[in-house]
Each structure stands twice: as structure tokens, then as C-alpha cells.
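What follows is subunit A paired twice: with subunit B in the first complex and subunit C in the second.
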Partner chain A sequence: MIILYSILILCVVALILGLSIGITAKYFLVEQDPQVEKILSLLPGANCGGCGFAGCSDFAKSLSEGKAEVEGCPVASAEVRKLIAQVLGKSVSDYIRKVAVVLCGGSNNFARKISEYNGIADCRSANIIAGGGKACRYGCLGFASCARVCPVNAIEICDGLAVVHSDICIGCGKCVKACPRNLIKLVPETITVHVFCSSKDKGVDKKKLCDVPCIGCRKCVKVAGEDEMLVDGFLVRTNYEKGPAADLPLRAGCPTNCLGNSFPYSYKKLSKGLIEEKVA
Partner chain B sequence: MMNEILVITIGAILVNNFVLAKFLGICPFLGVSKKLETAIGMSGAVIFVMTLATFVTSLIFKMVLSENSYFSHLSGLKFGFLQTLVFILVIAGLVQIVEIIMQKKAPKLYSALGIYLPLITTNCAVLGSAVINAKEGRGIIFSTIFGFSSAVGFSLALLLFASIREKLELARIPKVFQGTSIALITAGILAMAFMGFSGLVK
Partner chain C sequence: MNYSHDNHLYFYGGVHPDDSKKLSACEPIKDAPLLEKYTVIVGQNIGAPPKVIVKKGDIVKKGQKIAEASAFVSANLHSPTSGTVSAITEIIGVFGAIVPAIEITSDGKDEACESTKIEPSKASPEELLAKIADAGLVGMGGAAFPTVVKLSPPKAKKIDTLIINGAECEPYLTADYRLMLESPDKVLRGVAIFAKILGVNRIIIGVEANKPDAIENLRKSHLLNEYGIEVKSLRVRYPQGAEKQLIYALTGRKVPSGGLPMDVACVVQNIGTSFAAYEAVYEGKTLYERVTTITGSRVVKPGNWRLRIGTPISKAIELCGGIKGDVAKIVAGGPMMGLAQISLDTTIMKSSSGILLLGNEEIIQYRNQPCIRCGNCVDVCPMELLPGPLSVYIENERFDLAEKEFVMDCMECGSCAYVCPSKRPLVQHFKRAKAEIIAKRKSQQLSQKAK
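Here is the complex of A and B:
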């Protein structure tokens, strides 16, 4: 008898609770946009904050409300962008992925050292304390501040120089902010020719501090044409709006070997054979 | 009447503090006490749910489960053994309903309490207050007052502990004591300090 009553009591309590939950769920239903969930499942989910919103879910919400553009996500690939645009019922322009590149070639092998830095192994603190050990005031400090903030471990320190693996890089731009010397730039993936120097000194002075500076000889500018390479003071830069062909480093014959391709395609002198392989 | 309320309130907040004297609700006490901000959120959620839960559970206990209830007289049987089961069921369902309503009617409060509201479903302090009420045979009003004041006691301990832990972040602590160990030692000292209140209420 008591068993039956117990079952009855529990059943009644459960029924009342279940019914009231069901009724409240129906009456107090909060409409949620199914679009948001769809977009969120398409987004990379890295939560890197590269879009400027607080994580992927916030970005998805802003997308469906029309507050953000599909191009805002620096990580998503072209196909993902197209899919998201389809969900939103928009068309998306052909987007070129951006990758980071460190515009310095001064590894320990090439850059002169004036002192031995024994402080905290962090670029920002090294930059404050007499600019670390290297003589060049503009060069890479090599204490991996950029590599530590990278969410996908795309930055490697090769012989005291940060190098971005552009095939791994998702272009979130965190390293750009982390570098105290502003050496890292986000560039279109298709342009692989870079001048690996950011020093604003005169060519003669640079050459005293480093084996691989840009001395501003303009050899590459003459070969490539004025609007593909830009002259900026004592420095030549790639025009990232209309970049030169990938084989420019071979044709230009840079005297200091400062002109090179981004990492997986070659890394300057270290792998000259690879450039030829890729270009051929 | 007033006297009894005072005894229950002071007793639950200071003397028989849920965390520091009865060791109920230790998991949130250690889990969400790293920051004062989260501790405040948790405290709000606990006070809200515990007051509500003690009211509803004592209502059900008085009506159905207790020995002198109408239902027991009718059937001539005792249903006291069902109390844990029914209380858990009721508390879980109640939290669910409250969450749904809150999401619609008070979205600000909902997002402020966030994850803590559903977490309380399985909080032993909430179940504990309901069971203690049943054991003491309190009426519905006194039960609710007891639920509210023991939740306040829980919040007091949690906020004290969270603010001490925030200060500890900046203190120079020997390496072996860093992290959870110093937190547990702190909790122990805090419990000993609350021992000073014992005897205030019999």
C-alpha cells in the first residue's frame, strides 16, 4: 500500500512540476534567432577577437543583426565566408586571406650585438632596457613576445629572429599589437615578396649594424617597376596593394639579400634552393 | 514571535553558519570565491533560490509528507522517507521554472546570475536547509525565514572569503602554500573565528 502511495505522490509532484515547466517554457519563450546558431557553427570558433567583438558568438550575433560584415572575421576561409554570406542572404566579394610577416632579417647570425641582455625574456622589457642586445634600433628583438600571443603557434624564433609560418597563420593580428617595434604587418597572402628590413637609418649606418639591411639601392624597384615596389626614405617597401611577382627576389639580385619571400615558400639565404624550386 | 524570528535569523547567519559551522555548500564556497564579482553573483542566486525553495518544500512537507499532514491521516501511512527525493525534484524543477521566467522578464538579472542559477540546482546547502526545516518541524513562515537567513549566512561567508582571497593574490606566500592550500587554511581560520559566536543562541 505504502509503495503505491509513494509512487502516486512522486508521480503527482513530477507531473505538476513537468506541466508547470512546460507551460512556463511556452509562455515565457524567448525567441532566439536560428540564424545566429547557424553562423556560429560555421565560424572558426577560435575566439581570437580578431573581428573586434567579444568572441565568435558575439560576432555571429552582430552579423545577423547587420552590425558586422562577413569580412570582419580574419580567420575564416573564403569558402566559409561564402557559406556565411549564403545564410545571411548576401553576396561576398572575393576575399584574399591575410597573413602576418615579420619585416626584419636580423637573426643572430647577421645582426651585430653591442651588449648581452640578461633581463626578463620579453620583447617589451628588452625594448625599454637599452633596446636589448642587438645594435639595430629597429630590428627584431627575438624574445618571442609575438610567438607567445599567437593562438595557433604560427611564429617560430629562428636564431633570434621571429619568423611567421604563413601557411599556419590565421591573420588575427595579435602579434602585430604585441611587437614593441612594429615589425609585424598583415599582408595579403598572394603577395609573397617582402623587404625584410624596417630600419629608417641611412644605408651606410645600417650596413655597420647588420649584414642584411635594405640599403635603398633601388635595384628591385627598377626591375619590378615603380608601383610594385615603393621607396620610403632610405628603405624600399613592397606595395601590398599591387605586389610584384613571386620570383622578383631572383630577378632583382638584391645586393644585401634583404628582399625575399615569406616563410614556407623560402626563407631568404637559409634556403635559396627552395625559392628556385617554388618559382620553377 | 519576534524573539523566535531573531533567534532563527542570528542563529542561521552567525552561529550555525551553513558553510563555516555546518560544512554545507563547500563546493561553491571554494569554487566561486576567487573573485568578489562572481561571489556576489553566486550570493544573489543562492539567496533567491534558497528562500523560494524552503517556502515550497516546507509547503509540500506540511501538506503531504509530514506525520501530522492531512494526507498521512487520510491514508494512515508515514511518508517521511520520501522527503529527500521530493525535495530534490522540487528544487530542480523550481530552479528551472525560475530560470525560464527570469530569462524573459528580467534578462539583465538573468545574465548577471548566469551559470550560477542552474548550478544551484544541485547545491547541498539548498537541500540542507529544506531537510533541516523538516527535521525541526518548523512552520511555513519560519521555514522561509530560516531559508532566507541561512542563505544570507552563506553569502556572508562567501563574500568574506572571496575578499580575503583577492587580497591573498597580492600577498607573498611561501611556494608550498600557494593556491588552494592557503585558501583552505584561510577557510579553517575563518571557521574558527565564527566559533566565537557559538553560545550566542542555544
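Here is the complex of A and C:
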């Protein structure tokens, strides 16, 4: 008898609950834009915030409302962009993925130290107090503030120098904001020639502080042409709008090894044979 | 009511480190010999850096103005000797950043430029104030806040008490102590100038009880009755010389959070500044030299020297016979609030109260272990903040929470870091938080202006 009652009661409860679910589903239905869902399923879903919106779903909503551009997502690959553009019924321009690069080559091995820094291991704190232990006032502090904010762990600290692995980097730009010395730049993936120095000092002074500075000798400028390498005071910079050919470091013969492909000289020396150079 | 301990006045919190003043306390102030070259850092005061008014090749006289105050909170700068301006360069400053500087090569004659003296009993307060502004006086205790700004409070704030800070609570430093001992009358006359400008009747000089001879020396002076100055003895406790703590100990008034001494009708001046005011008014001398203590266990012969502004630290150390043993840290200022230096080319500034050469046994090697919530820092914080929890907020970059917990009231006295058993670099955390919060406020102001 007891068993019968309990089965009966459970059946009644199930019926009431089932009915209420059915009614709620019918009357409280929220109209979802199928387009938003489709876009959201295409987006990377890393919620990195690189687009400037509050995560991927917010970006998808803005896209379908026409408030954002497909190019806004720094992470999505060219194919994904095309697919999203198809959903929106738009066309996308040719897209080149951007990656971050740390424009400093002064690892502990190559940059002189002038003091023993004994404070907080954080770049911003070190920069505010006295600028860490390295002599160069422009160089990488190496306390990994950028690596800590990277959502995909693409930044490695190697012998006191931050190095970006461009194959992992999604180009969200968080590290750019985290660096107190503004050493990190977002550059097109196709350009792999970088000048790994950001010091604005004179060449002679730089050479006293670091073994791998850009001394502004312009050897690379002569080989590549003034369009492709820009001279900025005592510093040469790659023109990232019209980059030089990837084999420039081989041809230019940089006297300080500060011109390099993808990775700074100091990093290559440490991890000999472990990394492949992107020389076309 | 204020605290009192064995008839010495004091405040809440604080620490009592070994003061090590015996190293240089008995050394009379000596004049430094003339150098070939001085490098005067341009931005020496809090506020706007002055505008350089000389160019390369100009011939200057001793005491001549070489940079002019560019804003209300700014101070003039003067040449330390006669000679030529050999370069407008950049050097590594006390804070470790590269700062603009004026290099002056001496001609060896050390000719003073023309100056006017004022008889303060006949001059009006405005004239005296103008003279002090002209001489480029700043607070010489270490903060380098332009004196003229302190002496001209807004009309709405009535000032009734002038407090002179003779505490010199930082260990090792003896520059103010020597001034009180060697020329008490000049100091007192300088104090009287401040009092006349402010129009106050109540003048208190607070001196820490570890300088009994200085207190006695000041009390003996016949000028004390003439100007109506009180000399009070303070309990030996760091940071007794901090503005807010000094006001509390001497008057029982509490400066509100984020407020200034003028909010409780007080103005605080330093002994060194009073002496400089005397020189500016009675002798017409601009501020181009100051008394600095060069001391520490690694100095051959510690002493108190009258150094020109712009003297490189390396030359100052040479005056004291050089270095003995290995130096672990070179500090500009006192050991508690001073800044470790990365370069010996840094020069003496108006705020350089001392240069310390410390050995390994005298410094803390920070280890930055986790906060164990022992509460030692809360007991000693003279501003009654919670340094431990604050540092945890800042470690996790929650500057909003830190701001809510009054991190902006922190004066970076270092008492918390001194007692921390985990050896956490607390002051560095607070310095960073303050810098970040100030930057945030500035950007908010800018965006509001744009709207």
C-alpha cells in the first residue's frame, strides 16, 4: 500500500513540475538572435577582451547589431573571419594576424647590472622605485609582468628577458599595456625582422651598458633601403607597414647582433637548435 | 589629549631603531673645499620643476639664479659657485630616473653675486616672504616642499601655531642637531622670520629627548623670551619628526585624512629651513649650500659638511676619507625613508639631509614572504593604517580597495617594514599603489575636462 501511495505522489509531483516547465518555456520565451549564437560558436571563446568588449558573447552581439567590425577580434584567424563575415553577409579585407614582440635583447648575460635589486619582483614596482638592477634605463626588467597577464602563456622569461613565442601569441595586446617601459609592440605576423633594442641613448653609451644594443650604424638601412628600416635618433626601427625581407639579418651583418629574426640573439644562443628560425 | 612619557611628548605607534648618531654627532660642521665642477639637478622641489634661464657658455656668479620658479608650487635654483655653464645635461637622479641638470664649471674665484640684506624688524611680512621665495627655500628635512607655499596659506585658513621640527628622528642624521648646537641664535632668528610672516604668537620648537645638549642650548638663548618661543622635549621615537605626528605630540590636534597641517591651524618648518631663512634675510644669501651628514659604518671619518648643491656624492664621500670595507648600500637621506642609490654621480640636492654608506649587517635583505597576519605593522603604523592587508591588496593589484583603506595617507615612514617578520617590502608596495592611484586620478581629471 505504502509503495503504491509513494508512486502515486511522485507521479503527481512529476506531472505538476512538467506542466510548469512547459508553461514557462512557452510564455517566458526570450527571443534569441540565431545570428548571435552562430557568431558566438565561431569566435575563439577565449574571452581575452582584446576586442574591447566584455568577452566573446558581448562582441558577437555588437557584431550582429553592426556596432563592431569583424576585424575587431585580434585572435580569430583569416578563415574564421571569412565565416563570420558570411554569417553577417559582409566581405572582409585581407587580414594579417598580429603578434607581440619584445623589442629588447638584453638578457642578464648581455646587459650590465649596476645594482642588486632586492625589492618586489614586478616590473611596475621596480620601474617606479629605481628601475631594477640592469644599467640600461630602457631595457626589459625581466620580472614577468607581461607574462603574468598573458592569457595563453605565450611569453617566456629567459635569463631575465621576456620573449614572445609568436606561434602561441594571439595578439590581444594585454602585455603591451602591462609593460612599464613600453617595449612590447603588436606587429604583423609576416614581418619577422626586428631590431631588439629600444634605448634612446647614444650608441657609445649604450655599448657600455649592453652587449647587444642598436648602435645606429645604419648597416641594415643601407642593405634594406630607407623605406624598410626607419632611423629614429640613435635607433633603427623596422618599418612595420612595409617590412624588409626575412633574410635581412643574414645580409646586413649587424655588428651587435641586435637585428634578428623572431627571437633576440641572446635567446637563440641559450636555446640553440631548439627553435626554428622563420627565414623564408 | 596627547600622550606623554616621562614628561616627553609623543604620538601613537612608531618604532625605536638604534639611532647610531654617535658616529657623527660630535663632528663640527666643516666647509667643503671648492670643486671644479658642480652638476645642479633642475627638479629639486616637490611640484613643478623650475624653468632653466641660463644656456651653455653663460657666465654665472655664486648665488645667481639659474632656474626660475615656473608655477606656484616651485622654487628658484641658484648657482653654487662662480664660473661658466658648461652644459645642460642629464644625470641619474636620486630616484633612479634620468633628470635634467645644469653643469657649472668653476673659475676658482668663487665670487658672490650682488645681494640685498633686509632688517626683518623694519621689513613688512610681504617683503620677507618675497625674499624667501627669491632665495629658493624648500623644506630641507627631505620632502623639499617649497617654503613659500607653506608660508602663504589661503585666507580661509587661520594659522595660530608655528611648529619647528627639531626632532631629527631619522637614525644616523645629525645635521640639524649640529645646527642647533653651533648656531642656535641664527636658527631662532630664522624661526622669528617665519613667525612674522605668518603673524602667529605661539611658536614651539620640538626636539627629541636624545639631544639634551641641543635643548639646553636653545633654552639658554636670550632670544627665546624676545620672540616668545617655547622649546619642548619629545620622546625618542621614530617618526617623531613627521609633520602630522609632531603636530599631534605638541598640540594634541589631529590632521584629518588627506588634510594638511593648515587644516588644524599649524605650519611646520624644519631647523635647516629656519637656518636657511636666516641666511636669506640677514645675509642675502640664496640657497646654494646646505649641511649634510655623511656617515655610516663604512665611512672612514663620518662628519657633518656644508656642501654646495650639485656636489657629486662620490666627492662628498672623498671628503670623509673614502670608503672602508665593502658597502652594501648607499642611501641618500636617512636609513628609514632615504633612497638607495644606483650611481655615485648623483649630486647633493636641497633636500639631501644625509648620505649613508651601510654595511651588510645594517640593512634588511627583503625576502617578500607571505603576510602571516601577526599585526606588528598595525601596532607601529603612526597613521593608524593596516599595512599588512593593504600590501596584500596591492600584490593582487586591487588599488581600488587599497584606496578605500586610505593607502594615500601613508607617508612611507617605513616603520611597518622595519618590524615585519616576513621581511616584506611594504613601503615599495605602497609607493607603487600611490603612483598608480595618482595616475588614475589624473587620467580621470583629463577625461572629465574633455567632456
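Things worth noting here:
Here is the rule we use: the second predicted complex is superposed on the first by the 232 of 280 C-alpha atoms of A that agree within 3 Å, B and C clash if a C-alpha of one lies under 4 Å from a C-alpha of the other, contacts with A are read in each partner's own complex, and residues count from 1 in each chain.
Going forward, a contact is a pair of C-beta atoms (placed from the backbone, for glycine too) under 8 Å apart; a residue touches a chain by one contact, two chains touch by 3 or more.
For clarity, every value in this text was computed on a predicted model and none was experimentally measured.
Applying the stated contact rule after C-alpha superposition, one finds that A:L17 touches subunit B and leaves subunit C untouched.
Of the two partner chains placed by superposition, only subunit C is touched by A:G131; subunit B is not. Of the two partner chains placed by the overlay, only subunit B lies in contact with A:L29; subunit C stays clear of it. In the superposed model, A:I7 lies in contact with neither subunit B nor subunit C. Judged by the touch definition given at the top, the superposed model places A:I120 against subunit C, while subunit B stays out of reach. For the contact definition in use here, the subunit B contact set and the subunit C contact set of subunit A share no residue. Only residues 1-2, 5-6, 9-10, 13-14, 17-18, 20-21, 24-25, 28-30 of subunit A touch subunit B when the two sit together in their complex. Chain contact summary for the complex, subunit A toward subunit C: residues 114-115, 118-122, 124-125, 128-131, 137.
Chain contact summary for the complex, subunit B toward subunit A: residues 60, 64-65, 71, 75, 77, 79, 82, 85-86, 89-90, 93-94, 96-97, 100-101, 103-105, 107.
Residues of subunit C touching subunit A in their complex: 95-98, 339-340, 342-343, 365-366, 368, 425, 428-429, 431-432, 435-436.
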